[in-house]
Structure formats: C-alpha cells, structure tokens
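Same chain, two partners: subunit A is paired with subunit B first, then with subunit C.
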Partner chain A sequence: MAETSTMSERSVTRFLTARRGGGSLHWTDIFSYVYLALGVALMFGPVVWLALSSFKTPAGLQEFPPTLLPLGQIERSVEGYDDPLPMFKVTMDDGTVRELAQIRRIGIIAQMVDPENPDETIKVPIASREPIREFRVAWENYTKPLERFNFLTYLNNSVIVTAAATLVTLLINSMAAFGLAIYEFRGRNAVMLFVIGTLMIPITIILVPAYLVVTELGMVNTLWAVILPGAATPTGVFLLRQYMLTIPRDLIEAARMDKASEWSIYWRIVLPLSLPAIAVLAIFSVMWRWNDFLWPLIVLNRSEVYTLQIGLNAFQGELDVQWHYVLAMTVVALIPVTLVFAFLQRFITTGIASSGMK
Partner chain B sequence: MTEIRLKNVLKAYGKVEVIHGIDLHVESGEFVVFVGPSGCGKSTLLRIIAGLEKVTGGEVLIDGNVVNTIPASERGLAMVFQSYALYPHMSVYKNMAFGLENSRMPRSEIESRVNQAAAMLQITDYLHRRPKQLSGGQRQRVAIGRAIVRDPKAFLFDEPLSNLDAELRVAMRKELAALHGKLGGTMIYVTHDQIEAMTLANKIVVLNAGRVEQIGAPLDLYNNPQNTFVAGFIGSPRMNLLEADIAEGEGGLALSAGGQRIAIPAIDGLKAGDKVTFGARPEHIAIVGEGEGDIEAKVDLTEQLGGETYVYCTVGGLPQLTVHQVGQLPVHSGETVHLRFNRDEMHLFDASGKVIVNGFKS
Partner chain C sequence: MALEDTTRSKSDSGPSLLNAIAAWPVRVLFTILDVPLRGLQRLLGIRAMPYVFILPNLAFFGLFVVVPLFINFAFSVTGGTNLYLDDRPFVGLEQYGFLFDCGNYLDPTTCREDRFWRGVFNTFTFVFFQVSLIVLFSLITALILNREIRGRGFFRAAFFFPVLLSPVVVALIWKWILLRDGVLNAFLVSMGLDPVLYFVSPTWSMFWAIFVSVWAHMGFYTLILLAGLQAIPPDLYEAAEMDGTKRERVFFRITLPLLWPNMLVVIVLALIKAVQIFDEVFVLTGGGPGTATQFIVQYIYTTGFSNQVQNFGLAAAASVVLGVVLFVLTLLQLAASRRKDEA
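And now, the complex of A and B:
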C-alpha cells in the first residue's frame, strides 16, 4: 500500500508505470512496454553511446569488449620512477591477489613493482594481471581540439550558413507557397506537381551540374555556395502551401477590402498565420543545413570556410582516424540543433488560423 | 455619399451562368437589402460590387465611374463578412487599425478613429483582446467597427447576423438600423431572412436564380408583389397560393378550385377557362359565421401564441391554408370553420406567375 501511495504522489512514476485498465499486468501492457523500450533504445541508444564514448581515451575506445562507461586505468607514482606507473591486480602463483604497478612489459612477461616496497621487482605473466580501472572522464577530448583545431571558425561558418540558409529558405519557400495557395490561376496544380516532382531527383544526379553553375558564378569557397543552391526546397513549398490552403479565404478577402497590398497580405496576414508550419520548416532547414556534408565537402576546399561537419572530417586521416576527437566534436556539433529544436517544437502544434472565425 | 449602379451584370463560372443580367441602381445613402433563397446569387452579386469577383459581362459603376477593372482594395468600400473574418493574430485594436494603416494614415488619426468607433459600438473595453477571447456578438461589433473606421464610400454586409443566436440577432438588427441612421452611408445588405430585409431596408431587391424578381420598398413588395415568387417569399408565414380556374359567376367571375367557388369581380382580359394562381395572406383571411364565408374548412392544427393565433386548415381538394388572427381564438383541431377572403387584399397571378391584380376594387 505504501508503494501505491508514493506512486500517486509522483506523477512521473505513475506515468512510467501506467497500465491498461486496472491493477493487474495484462499482456498488452508487457507488449507495449517492450515495444516502447525498443523504440527508446533505437532512438536514444546511438546518442547515449556517442556521448559516453566521447569521454573515453583513445585506448578506451579501442578496447574489446567495449565498456559502457568511460574508464581509465589508475596510475600511481612509485619511489624511484620518474613517471606514474599503471596499476594492475595480479593473481600470484600461490593464488593470492596483489595490487602492483607495472614498470615495463617484455613479450608475455611484465615487470612489476609493489608501490609499498619499490626496491623489489616481480616478474608476472601478462595473462595473470588485470588493469585496475576507475570511472574517468577524458575532458581533453573536448579541450584539445577546441584549442588546437579551428573549432570556433568552423562553428562560426556553420552558424552563418545555417542561419542565412534557413532565412532564405523560409522567405522564398513561403513566397512560392503563397503564390500557389492564395492565387487561383490556370495550371496552378500542374506547377505544384512539377515542384513536388523535383523530389524524385536525387542530389547525386544534380551534383555535377550544380557544381558547374556554382563555379561559373564564382562562388566556390564562399559560404554562398552552400547557402544558395539548396534554398528552394520542394518539401518546404509543399508543406507551407498545404498549410496556407487551410487559412480561411474570407481573411484574405477581408484584407483586400481593408486596402491591403498583396505584399502586406503576405507579410501581415498569411505569414503570421502560417507560423506553425514555418516553425516546422525552420526545424527541418536547420537540421538539413547543420548536418549537410556532401555538398559543402564539394564546394568548400579551404579550411577558413569549412563548416563543422567538414571540419570534423579533418580528424579522419587516410590511415588513422582520431575517433576520440571525432566523437567529442560530434557531441558539440549536436548541441545547437538540439537547442533549436527544443525552442521551436512548441510552435509545431499551435494552430491559430481558425480561431478568429465564427 | 455614394451611388452604385449595375448595368446588365453577368457572371458565369465556366459555362454555368449564375447571374443573368442584373440592372440595379443603389442611390446615395440608401439601405438596400438583397434577399432571396440560398443559391440565388445574392452573395455573388455583393462580391461583384465589392470587387472580389469579376463580372463576365456588363458594368459596375460607383459614383458614375466604371470600376470593372479596379481591384477590391481600391474601390473604397468596406465589407462585413458572415464569418466576421477577424484577423486571429491581431488584437481588436489592430484589427480595426489594419485598414487605416494600409492607407498610410498618421498614427494619432488612427487612434482617434478607432477609439471613436469603439465607443460607438461599446467595445472600448475589449480593444486589447484577441478575437478568440470575444463572444459572437462582440466579434460582430468588431467586424462592423472595422468597416466604420475606414469611413468607406459604402458598406457591404454579407449575412452578418446569421451566426448569432435569435435574441442577439434581433438586438443587432436594431443597432444596425440605428447605425444607418447615425452614419447615413450607402449600405448594401445580403440576407436570406425576409424579416431582416423588411425591417432594415429602404429598398429590397428580391433575387431568384440569378435574376431580379422585384425591386421596391418593403411594404410595396408586401402589398404589390409582381409575381408568385415575391408573393410567396415576402411575408411570414407565407402567402397562401392556390391554383384555380376562372369560371363565370353571378355579377362577375368566380375562382374555381377543387370544387370550391369564390366569387370575384370582373377583370379586363380575364375570361372563363383561364388558369390563374390566387393568393391570400394568412392575415387577410377572416374566420366568420356560417353563411358569411366563401368556403368551409376543417381545422388541422391551431397555434395559440397568446397575442395571435395561427390556424392551419384543409379545404376539400385544396392545399393546406394558413389563417392568422389577432388575439386568442377558441378554435380546436377537427372543428369546421367558415373562411372569408378579404377581396381588397387578394392577389391574382396568371399562369406564368405574373401579377394580374393586387387587391380587387369593389
């Protein structure tokens, strides 16, 4: 009974242990929880794994079997040795277990020393020792690249590209959507179909022609080369247009009677009423632009204009990948999109268009 | 002050003609009501005047200028929509100021005009609320206020009261009439409710299937309907319309229908054997004593409203007749009553529905 009373007090607990109908556990409850847990694992697993791994040392990353938490081997300074020595748990021949520091390893034999008794060297087969580890966060994965690697420049470029491209996308997509939603003209649906039809052309096909156009315009190695080509998105036009179709026509006509110019109908009536759809497109656009890799990789060749995603690629050499830096910087790169999403998602569900009518 | 003139206005959507050549003259300061059943084209006609629909033929003139090609925003008219069409993202003040801001009026002038209109409509307390925080009647006032502040050449109303409940509708109707008295502007008002039409209009335009049936003052339409449509449409409850044949009668003619005969005076051009429709309003049929009536009828149903009584009765071979009497009447269903038609108020229409005579002169 005490359990149930705490459950009713804590709504979160109650939410997380909600059951179908009464108290007993129905098979559909079990099924739902398994299904939901699977979904959570699929969605959050990689992100959690990424975040945890970003705090591991290079050695920790290479380890097999992998550990979930970032662990580091304990080191101790021992009298007579300049550097701190790694500590091991050693099973001795007589079955006793001792904590020893390793001096060096030769083949399959490790030379070890007891920190309490530094004069005596003990030879141990490497199979009988096990590193002593503790939870340790490798902050240097974050601090080092932030110092050495041009992180701030890349971040700056990424922010400029994302912000400018999103603004341009919202502006021209909403204008196109306005035209296709508010005005009735012959061929309106044909134009809309044509716009949607461009969704069927994969980017790999237009990569070369688009590159040629960008080169001709002299935009290679400028941020405009990334901002402009993707600004008109069929998805965005479609999304906004369908939303604008739900705005009551009476409002547009009332604005016309109120001497509003077409621009002010667009800017002061339709755009504010389309805010929920615009927020959705803004989230999409920010995600697309922030995570865009292929196109910037092609048109940006100088490191001053690299975006974050291209910058991250620099940790990937031909022979060696510095995974600890890649992972840490990926986490940093995720933060802004997450914030944008957290801020804009509340606009998604607010539909306000019909509340002024009737 | 503004006069509006329509000359042979035609409107078609593709091949479907909805307005078949309408001529109309709305004089300056007049309150004109377009009335008709739904789908008769009255709203379309209003939207044509507003500039929200293009005509496919004919001319629209405002103050003598042809405005066919002038867009709605430049015609200088204001419209109140059935749905109110208030901008949901703007406060009441902003809603009312929007039209003035579009004509680049100075801020102080906008403020004084909005405040003045708000005071007139008693919405000053709500100026900073959003439309969704208002009741239906308040939204209606805001919609009217939005039209008033513009000081337009003419006001167009598209069924503005149809979303209000019955009580509020009566109150707003009175306010609209008072408003017209106060502002004195030209107003065109569309409704399907003939009571609104009768109470508000200086001039009623009865429309049916894209054509004008009759234009006239409210009582003129009531007293002298030009055809069976107007006779049936104006007046509530509707006029009793019965098909009859003309027969010879003693000292004149007689109407013969379903075995009943009603004597009428002789009329030029009408002879025995002609088919006619005769009409008598419920209030123009009297319940009289035995031997004084024209016909004998059986009461189906009575509706006692206290101040007035409606009697629905059947006469052999005729459709149901509605009789209206002032006061309370001790008549019950199943009884037999004697009905007498007031000859001065009887209407006679020919086979095509056009009027022959409105009221016989005795």
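And now, the complex of A and C:
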C-alpha cells in the first residue's frame, strides 16, 4: 500500500503538473501555492498570535492597535494613587520633554502627574503625549496562575486522567481485541456487532442516564468519573482487532504446543507484535482525554477536581476575564498536543486515513 | 487493510523511547496478572478464555453505554426533578408532548418550549453551512495536496494541526482574535472601517461559530479525501493523458466519480459531528447573544445540568430525539461506507 500509493502519487502528480508547450505555469499552479500559503497562515497564525500575546503584560494586552511583540506601556506606582499609573513622554508648551504619569483622561485633555513630585497635577492636550513602551516578557503570566489559582491542580488532574484512562483503555481494549481476533467462539459475531453498535452511541445522547450511573457508583466529583466511563472505546477494540487478525496463527499454535497459557500468549506474543497499532491507539486516547470537555463539565463540579479544560473554561467565563492568565494557560493546554503533533503526526494521519476514525 | 501495511511499515521507526518508558510497569502488571489468569484457565478450560478476555471491556460498555441507553427512555417518560428513578413519577409521553407542542413548527416563538426549537433551527442552519463548507474546502485542499508540490508533508500537517486542539483552546484562540479590542478589529480600523462587536450580533456570532468549527475540523476530512485521491489507479490518468483529455474533463469524469464514495463518507461523518455541535461554540459564544447560537446539545446540557431546576426528564426526551436523528444518519453512514468498500 505504501509503495503503490507513492507510485500512484508520483504519476498522478506528474500528469497533473505536466505543462503543455513551453514552461509557463498553469493558473492552477499559481492558485495552489497561493491557497496553501493562505492556508498555512490561517491554520498557524491564530495559534502563533495566541502564543505571542500570552507573553504580554496586562498593559501590553490593552494596547490598541495591538503590537506583535510583547511591548507594554511602562507603569509606575505614584504616591497617593492606589493603582500603578501609565507613563507618557509629554512635549510641553515650551518644547521640553518630560516623563509623566497619567491620572485620568477627560476628552482631549489628560491629567498628568510627575512621579517625582506627586502633589502637582499638570493638564496637557492628549496629542502632545506619547506612551513609553518597553519590551518585556511577562513570564509571570505562566507562573502566577500556577501558584495563586488552582491551575497546578487542574494540570495535575488532567495528567492523571489522561494517563490512567489511557492505561485502562489500552489494557481492556487489547484484551477484548485479542479475544475477538484469536478465537472462534459462540457469540463472537454478536459481540463484534455490539462493539460496532456502541461505536454509534455518542455520549451526547446518554448524558442524563450516564450521570445517574456515575452518581450511583459514587464517582461524581472524583476523577474516576472521567477516567472510567470512556475507557472501553469501541474504536480501540476495532483498530486493535483488525491489526491482530494479521498475526500468523502458527506462532500462537507453536506457543500452545510449548504449554504457554492463553494469558502469556496474549501478553508475551500478541501484544508486542501489535505495538504499532497500540501506539496509534495510545496517541488517540491521550488526545481524546486531554481534550475532553462535555462529560467532565457535567461530572466535575468542584474546583479541586477540574481538569485543565474545565478550569480554563471557568476562568474565561468570569465576569472580569484576566486575559493575560487565560492566554498563558491556553498555551499550557496546547503544549502536549503540539508535541504529539510535532513528533507523532505521521502515526495519527495514517491511523485516520486508514480507519476513518478520530 | 490499509492500516495493517502502513502501520507495520512504520514499526521500525516506531517510538522506541515510548516503548522503553512503557515497558517496565507494563511487564510488572502483566506478570502479576499472570497467576490468577493461569488459574482461571485451569479452572474453566481453554474454551472459556475468549470470554474472560472480552469480559472487562464488555462490562464497561454495558455499564456506561448500553444500560444508560435504556435508562434514557425511562427518564424521558418520568417527571419531577429527582435523579433516582424510584422517586420519579411516571408521566407517559408528557415530556415529548411538551417538546413538540408548537402552534407552527416553522416558527419557534409559537412553541411552548421555544428554547428547544430555537436550538433545532440553529442546529439546522449550522449543519447546513458547516457541512457544505467543510466538504468544499477539504475537497479543494485535498486536490491541491495531491499535486506535486514542494513541502507537501508540511502543508498536509499544517491543515491537520487544528484538528488536534481541544475545543476550549480552539474557542479561546478565536475569542482572543475577535474581541472588541482584538487583532481583527485593529485590522479593520487600520483599513479605515469601524470595529465590530461580533458577539453582540446574532448573525456574526453564527458566522464565527461556523467559521471556527470549519477551521478546527476540515483537516480531518481533508485526510480522508486525500487517501481516496491517492487510491485512484494512476493508469486511468495515464490513459486520459494519452488521449489528450482536458483537465476539467479528467476531473469530472475520473477524479470526482472515483472519489464519490469517500465524499459520501465525509459528508455523513461531518453531518453526524455537526448535529452534535456543542463545545467550541459553547466556549466561544456561550450560546449567545440570547439564544442565537444555542444548539440542541446545549439545550440538553442546560436543561439537565446547568439550570437551577434540573429537568432530567426533559433533557432525556430531547436526547432521545437527537438519538433518533443520529440513528438515521448512522444508517446513511453504513450505506455510504458499504458503497465505499464495494468501489
């Protein structure tokens, strides 16, 4: 398949890019490159913008029009004023330039104060003042939410949920796939149909009863409520079984001759041979769990059990959104999937292209 | 199957680090489990072993998917605000009657539960535009990525990247761009236009809900179509080339008909996903302004879980209705993938 597809790609593309007469570009060539360039800008641009913004100070975020790099207006605390005041470079009537802090702005007149001499207020027209900016990377956007808010807990919960759920999924899915791939037994087709059937039941249509089950089991507001219900993924069983079907039967028969137990055939022979498929499922599972939203939103109602996604949603839904923290935490939520993307992208794309499942 | 070959050929370059990290605890776990399972085999005989292997998975399926599916009906025919079924009075089809009590089905304001019908109508609008745009753009992208292009792997990855992002992250990325003082408005102002308050306007909110979800998901469908394009036998194109067939004709007579089974799969999969739209839009617009971007799943969520009075019965009835729609779409999907396999 791999070979034939590259072969077909090559000849198809050779055909498509073959040019009639001379070497002039067909309009579709130009269109393709323009489209792809725009596409890359549109796909990565917003994410890059988010990452750049996450390093700005609150003052820097308020700049309009926004600056590309983390430039922020310098603020100074001035005696007699509660909040730090923004600094401006003001050209006075006599032509001298002074650095003043702005108290308030009324129409086109700004009330300024000299930080060195806070008792005297100076009124200047706003056209004569210019903000003083500095380049400063606001690392505290990342460190403060982890200390001051519950973000470290959220992060922790997300890691625990993702790791535990993926392990459970891999174990029970591979066991089921082994049972369905290696044995002929009564009811095998019924079980396969059942597995494919559950593939069609999304969580969105069983929210209320699933919540009841989780409540009956006493798991509401514990991490188990998000780890266990989604663990038996039909996708995983299906994917692994298809792969295990290709393992030569002779291997298994030979092991049985040697008095190997069925369990050891499973984990010493079949599992190691299925590692590529298991890796695909592991990657999928990590992504599903890390990104999961609707179900955790329903069963996790207390801040100490929030996952990162739920915490982030709660934080951005507050009345006075602290965007400098929200942006930084969004970047944190984005890091694991970006790493997966950078290193394991080929596994995912082949997995999707061949199974049509996400 | 394609998966077997492609993944197996990757096994050499597989994540060996991953294996090394995973290997140790896994070995311990399996060795510990070895003793009871060996005993089980001696006790029950080898013929019982397949059942032992599939049991844990089936138990999870049963407990968290199949049992709930049936309890859902029980919820939808009972009333009150209690979660436990014993305490819920039987009300027959009252919940469904309430949902469907409309003077005129085309006008949500004449319905008793107008929030539900607004959700239904919003979902229709969303599904229509989102699925059309997804099909259109993933087809264009797949066709372009199928050409001989420098850095094709990079471009393919670029379009796929947003697929991996969580709905919350996707929504926040765009919310940040679309704010009153966001970078998009800064651009408009620099062009001499007025800034727009996107999330105050129902039309703009719906537009961005559709745009953002197309942005986030089109890469997935592009991959499916690309796989379909690469499976078209190259000799067809070679023959067409020898005959001097025009490009447009090749596209409509070879590419499109042979890609059609994949297109069907994409359309139906996208439909199934779009009908269940919730998370990105919920974080992006909160369903607002008013109910302008509130969809069916959000109706179920607010009715059952986030309202002051938790109306589980009504939420269950609405999810049964959604389930019926999805069931029909799933039958379509099965038909579509059967056509694909036959092709």
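A few remarks follow.
Everything that follows uses one rule, which is that the second predicted complex is superposed on the first by the 206 of 358 C-alpha atoms of A that agree within 3 Å, B and C clash if a C-alpha of one lies under 4 Å from a C-alpha of the other, contacts with A are read in each partner's own complex, and residues count from 1 in each chain.
Here, a residue touches a chain if its C-beta (ideal position, glycine included) is under 8 Å from a C-beta of that chain, and two chains touch if they have at least 3 such contacts.
Not measured: the values here are computed from a predicted model.
Between subunit B and subunit C, more residues of subunit A are touched by C. Of the two partner chains placed by superposition, only subunit B is touched by A:Ile269; subunit C is not.
In the superposed model, A:Pro65 lies in contact with subunit C only, and not with subunit B. Contact with subunit C, but none with subunit B, is seen for A:Val326 once the two complexes are overlaid on the shared chain. Legend: residue contacts after superposition of the two complexes on their common chain; A:Ser261 is shown touching both subunit B and subunit C. Of the two partner chains placed by superposition, A:Glu116 touches none, neither subunit B nor subunit C. In the superposed model, A:Glu253 lies in contact with subunit B only, and not with subunit C.
Shared contact residues of subunit A, touching subunit B in one structure and subunit C in the other: 261, 264, 352-356, 358. Across the interface of their complex, subunit A is touched by residues 50-52, 71-74, 77-79, 81-89, 98-99, 102-103, 130-132, 136, 139, 146, 150, 163 of subunit B.
Touching subunit B in their complex are the following residues of subunit A: 248, 250-251, 253-261, 264, 268-269, 272-273, 352-358.
On the subunit A side of its complex with subunit C, the touching residues are 1-2, 5, 7-18, 28, 32-33, 35-36, 39-40, 42-44, 46-47, 49-50, 53, 62, 64-66, 171-173, 175-176, 178-180, 182-183, 185, 188, 191, 194-195, 198, 200-202, 204-213, 215, 228-232, 234, 237, 239, 242-243, 246, 261-264, 266-267, 275-277, 279-280, 282, 287, 290-291, 293-294, 297-298, 309, 312-313, 316-317, 323, 326-327, 330, 333-334, 337-338, 340-341, 343-356, 358. Per the touch definition, subunit C reaches subunit A in the complex via residues 1-11, 14-15, 18-19, 29-30, 33-34, 37-38, 41, 46-47, 49-54, 56-61, 63-72, 74-75, 83-85, 140-141, 144, 146-149, 155-169, 172-177, 181-183, 186, 189-190, 215, 219-220, 223-224, 226-227, 229-234, 237-238, 240-241, 247, 265, 269, 276, 278-279, 283, 286, 297, 300-301, 304-305, 312, 315-316, 319-320, 322-323, 326-327, 330, 337.
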